[in-house]
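In order of appearance the chains are A, B, C, D and E, and numbering begins at 1 in each one.
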Amino acid sequence: MLRLDNVVTHYGNIQALKGISLEINQGEIVTVIGANGAGKTTTLKAICGLVSISSGKIFFRGKDITGKPTSDIVGSGIAMVPEGRRVFPRMTVLENLQLGGYLNGDKNLIRKDLERVFELFPILKQRLKQIAGTLSGGEQQMLAIGRALMARPKLLLLDEPSMGLAPMIVSNIFDIIQEINQSGTTILLVEQNAHMALSIAHKGYVIETGRIVLEDTAKNLLNNEQVKKAYLGE
Amino acid sequence: MFFSQFFAQVVNGLTLGSTYALIALGYTMVYGILELINFAHSEIYMTGAFIGLMAVTVYKLPFAAALLAGMAGACMLGVIIEKVAYRPLRKANRIAPLISAIGVSIFLQNAALLAMGPQARAFPANFSAPGLNLGIIQISPLQLLILIISIFLMVGLHFLIQKTKIGQAMRATAQDKETAQLMGIKIDRVISFTFAIGSALGGAAGVLVGVYFNSADPMMGFFPGLKGFVAAVLGGIGNIPGAMVGGLILGLAEVLGAVYMSQYKDAIAFAVLILILLFKPTGLMGRRVQEKV
Amino acid sequence: MVIGINIILAVSLNLVSGFTGQLSLGHATFMGIGAYTATLFALKLHVPFLVALIIGAATAAFFGFIIGVPTLRLKGDYLAIATLGFGEIMRNILLNLKITGGPMGLRGIPKITNIYIVAAAVILVIFSLNRIMNSRVGKSFIAIREDELAAEAMGINTTNFKILAFAIGAFYAGIAGGLFAFLFRYINPNNFGFMKSIEILCMVVLGGMGNTSGAVLGATILTILPEFLRSVSPVISQYRMVFYGILLVVMMIVRPQGLLSDTSFDFLKSSVFGKIKVKKIAEKGGQ
Amino acid sequence: GQSQSTDSSSSSSSSNTNSSQPAGDDVIKIGTLGPLTGNTATYGISTKNGVEVAVDEINKAGGINGKQVKLFSEDTRGDQTEAANAATKLIEQDKVIAIVGGVLSSETMTAGPIANDAKVVMISSSSTATGIPDIGEYIFRNCLSDDVQATQLAEYAAKDLGLKKFAIMFTNNDYGLSLKNAFEKKAKELAQVVDIETYNDGESDFRAQLTKIKGFEPDALYIAGYYTEAAKIAQQAQEQGLKVQILGADGFYSPKLVELGGKSVEGAIFTAGFFADDPAESVQNFVKAYKEKFNSEPDMFAAQAYDAAKILLSAIKNANGAGGETLQAEMAKTKDFPGITGNTSFAENGDAVKDIIILKVENGKFSKLR
Amino acid sequence: MTLLEGKDLTMVFGGLAALDSVDININKGEILSLIGPNGAGKTTLFNLLTGVYSPTRGSICFKQREIKNLKPYDITKMGIARTFQNIRLFGEMSVLDNVIIGQHCRTNTGVFGAIFRGPATRKEEKKVRDRAMDILNFVGLAGEAGEKAKNLPYGKQRRLEMARALATDPDLILLDEPAAGMNPQETNELINLIDKINDMGKTVLLIEHDMKLVMGISQRIMVLDYGKKIADGPPEKVRNDEKVIKAYLGDRAGKEVRAC
């Protein structure tokens, strides 16, 4: 469904990705783990066209999306929960969610999707009119996830969705991710909480300073000594 | 006697204020989206006036057509300015586009000086409509028109920005461009659209005010532009009704200043501005959102 | 000499806007206050030049303090507009006071400013500014620019320090004003209006906000540029303001961060040496 | 560098005289200085044009003692810093022996001392502020004194027109202020001044001041300012139903007054130093030459600049092409120079003493009252 | 001994009580953790204690002095320092300068001192610099002293925030989710660091959602839910508290937590 071929990106002179190749099949949950600064976020941004790609290609559902404007990429069915939440701080919770469904013309659909988000995150329903910038950290995280769901993506990119969430919600989030996945959305998940991520994923990649160093089924990775030591804290 | 004077002055203040408001709307519009003080707005206003003037004097068009021509021309100019001078600076810090805007402003002003000559030109428009005659207070048809048009535009813009989808996209773009793109918003288009509308407003203001004072000159944008900008801030920059209220208050303050001490009228107007800001640090209608830590 | 005066102005605005992050659109006002005060003291009370210069600068600093107290509660563009407003108010007052000669301005000022005095002033200003910027005070200014709330959490009384930055900036601008008056021998309120403030701001931004060498370079370029365009050819002379406008745009597009943006290029800042020291300490500490 | 120059014909062969200028002896170089760009460019351009007409005239007639006159025009943008730069450039780089200018008082204030120190004669044709001729002995002035204009008009209005209640509006600069002070003084002596209001150049809305003035029911309004604003003031006064006799000074003198003001300036009376419809041959020649060259009507700035240039050129001729002290002495000697703005002599300090004309707008044209 | 005592603390935002009559009591030398669901009011409580907001109701006594109406900089001077949930470093400044700024309220060079740079000023500067390096050594950032703060990776930025807070020489240090965005290994290092800080005699108040960290180092835990205190006690007690499990830990996570 999504394929990255040797993708290289730069921030100024710094090469952040040094040739990333990965593949995600329809219906999978794929996770990318790696230390701080390894290039996980940059990979997601590259997919969305938010950082420009110096060389390499990206294919989504067979089509070459390299260098396409972000809005087109999003239009073709990719949504992202960005790192650091990035809610629209001076808009209300409701408006943030509506913007998530910006490309969905159908009003009824939007209403239905809203209901679904409220089911997942009841607190958002109580805060509908609150200015998003004043939500607590965790509430903002929920809003960011809800907003991405409003786009009804075929591929959902999640950048550390569990960051700053209460333990109960964290386990919920992973349930929700699986649920979304089961209802047909393919998922690319970046997580610090590698244990949790690998336990729900089908496949995993380990990234180190801009390169993929390991690629295997999630199960195998969970048992890999190297991974255990470096990312599972065991 | 005192009251009739007073009311007449209030009317003066409101009509002066409505010209500021008209300009302030365009300022606020662009600011609200790009957080950019578009210093070139004064010159867009001036250009609008000149295009209207050409329409009337060279092509002998009626007033309404001149107004539309001025708006269309200004609109195009605004979009071009954005493309050439601001778009390349999208990723830069906030102050760079400000300087770029000043550059554009200097350029347009001097280009107009060379093309049009420095002298003011008469701006005759055969515009006639009934005015209002309330005994001692006469309101000319143009005054009335300016007031009505500004209120109409204000309501329309407010609706556009707050209630429509494109409006929502504009605000989202203003707050976080990258994330706005993630929502599927084509931000370049949204920004062009914003400039188009903001500049058309400036053009309309140019034609109306030009006809109102029967003159247009290359420097005509400077004072009203400055005041329009101040009005926008006074009302809470980025806030559409605020721009209107800010314009009217500034107009009133200036007129009242002129009544008491005409030599200090600008000082009085600016003192009112500063006083208001001290009590409402984000302008009259600017929403004060407490910073969440 | 005009370059020197503009350098002082740019460097001082850079302190307020570049280092401390408080956008000011009324910097020329402080120059004006300095110019008028120094002139009046010299003309009416026959105070010697240097003393008059200092009195002018001190008065400017005092006004910087006075307007800083209420307005520095404002943030960003609201502060900018308040400083603009203050500038216009001052200009309006100068325009109508008897003692300042109203629109006639003040004339008959002796010509004292010369190239040596200007050079000395520039050196003193930059030297003291660097000392300030490398000290606890200067670091607090930058901290305020970077994150006001975090700066407060570090125990910095941000209000006081912002006012301080304003007052110091005004002091230097006041010196520039005094030099200006004793160079051109005639001043009137319109010398110190909005356009002059904008011009100074352009110098700072062009050179690179928060960089003293940048401010110096920006001031130099923008002072020379119109004169240079004037002398290239008669045709260009006629269009020189048009070119000037285009050049501003082009320069911003080519280098939006200003000509010298990175602080490491700040040759005039002794922290070039400071940095080396840091590296050494860091190496030691790292072992 | 080269500056804008106007030499209409090739230079004649060199014949060395005891000129104080070391180089370029085959031509006589003079300069003009004023705003050619910026918001005050109107005045600067008119001034420059006026001088050009005078220079063309003399060059066509064979120059001064066979030498052509070469004109260097520098722009000040109305900024006094630039004025100083421009003066320095004219003197040091272009090596002119005399300058017509500056145009605005403020620029003459800064350019003047530079010229004076360099012993270069400078004659301003429009800087009306007090104190300008006092800058030094090399600084002359050829324009109507604000005091005299305002005083004479006040007299005329009160005595000849029988007006009793005056209101004054003045532009808040040196020109407006001097006019206002003089007019107020005289008008108070002879009649009553009921209200005084200010405005700024470049403004458009004067209704507040006019509404206030209307409350005093004056029968005349003296506008101490320039035609652009005066036209708007007259128009807004009419709209507000303020029926007064409009009075003004030489700042009114421009065809633009009628173009911008339309019917509302009909009947306005003002003082001037120049009248384009004056049948005198010199005036008509000037108007014709000006129209031919610039395709527009000359205004007062142009006329005064033309006269200033003529006075200067005649002094240069008397000085035999020399500058410096010789030229200064010749300038000071000028007596009853017959120009298109009346007969001019210089007072001790270098200020012009000349006659004043009073004009009226009739059927959209200016006509001479006195 | 009580170091800080907050009574009846209430904070209302436009009708919504983010904190509702909360009492908090911090003993000298302890590590107290503050946990609770998202939006419970934890950060808000930090903001009250550090003077960012002033409470709608209630009082705060620090070292026997009322501080509720003091400005943040005065409170810092009295000895409370904090880190932020969203990192707020002085990004353009060097790592070293960030820590030097932290010592602002313990130093007093003024403008004139800076310009003339007499012996006293120089001595102070050296002292400040040396101490900054000591602190950087302590948190393990000495090697990055010359870097721009914004160029550090996330985990190191978190540590720099702590270094900067330590530089203010606080008696009480408030840490808002210091482990957020860190991987398990980095979290382990963080635990060591907090322990070391505590060993220096500093009192620590900690907000964290990472239960491994919280349970591992807290001497006491206080739980907020919807702005109200629902539990306060030693870790063993809190993690078995029904209310806490229901409101915060959840069944699954609760089990894991009890296991650790």
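By our rule, a residue touches a chain if its C-beta (ideal position, glycine included) is under 8 Å from a C-beta of that chain, and two chains touch if they have at least 3 such contacts.
Quantities reported herein were computed from a predicted structural model and do not represent experimental measurements.
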item	value
Required steps from subunit B to subunit D (each step between touching chains, minimum)	1
Pair joined by more contacting C-beta pairs (C-E or A-E)	C-E
Subunit A and subunit B, separation of their C-alpha mean positions in angstrom	43
Approximate Å spacing (C-alpha centroids) for the pair subunit A, subunit D	74
Computed distance of Cα centres, subunit C from subunit B, in Å	30
Subunit B and subunit E, separation of their C-alpha mean positions in angstrom	48
Multi-chain contact residues (two or more partners), subunit C	95-96, 149, 238, 241
Multi-partner residues of subunit B (at least 2 other chains)	110, 263, 266, 290, 293
Set of subunit E residues in contact with two or more other chains	13, 43, 52, 84-86, 88
Subunit C - residues contacting subunit D, complex	2, 95-96, 102-105, 107-108, 111, 184-186, 188, 190-191, 226-227, 230-234, 237-238, 240-241
Residues of subunit A that touch subunit E when the two form their complex	35-37, 84, 123, 130, 134-139, 141-142, 160, 163-172, 192, 194-195, 230-234
Subunit C residues within the subunit B interface of the complex	23, 70-71, 73-75, 77-78, 80-82, 84-86, 88-89, 92-93, 95-96, 149, 194, 198, 201-202, 205-206, 209, 238-239, 241-242, 244-249, 252-253, 256-258
Footprint of subunit C on subunit B - complex, ascending	31, 37, 84-85, 88-89, 91-93, 95-100, 102-111, 114, 226, 229-230, 233, 237, 263-264, 266-267, 270-271, 273-274, 277-278, 281-283, 291, 293
Residues of subunit B defined as touching subunit A within the complex	165, 168-169, 171-172, 175-176, 178-187, 287, 289-290, 292
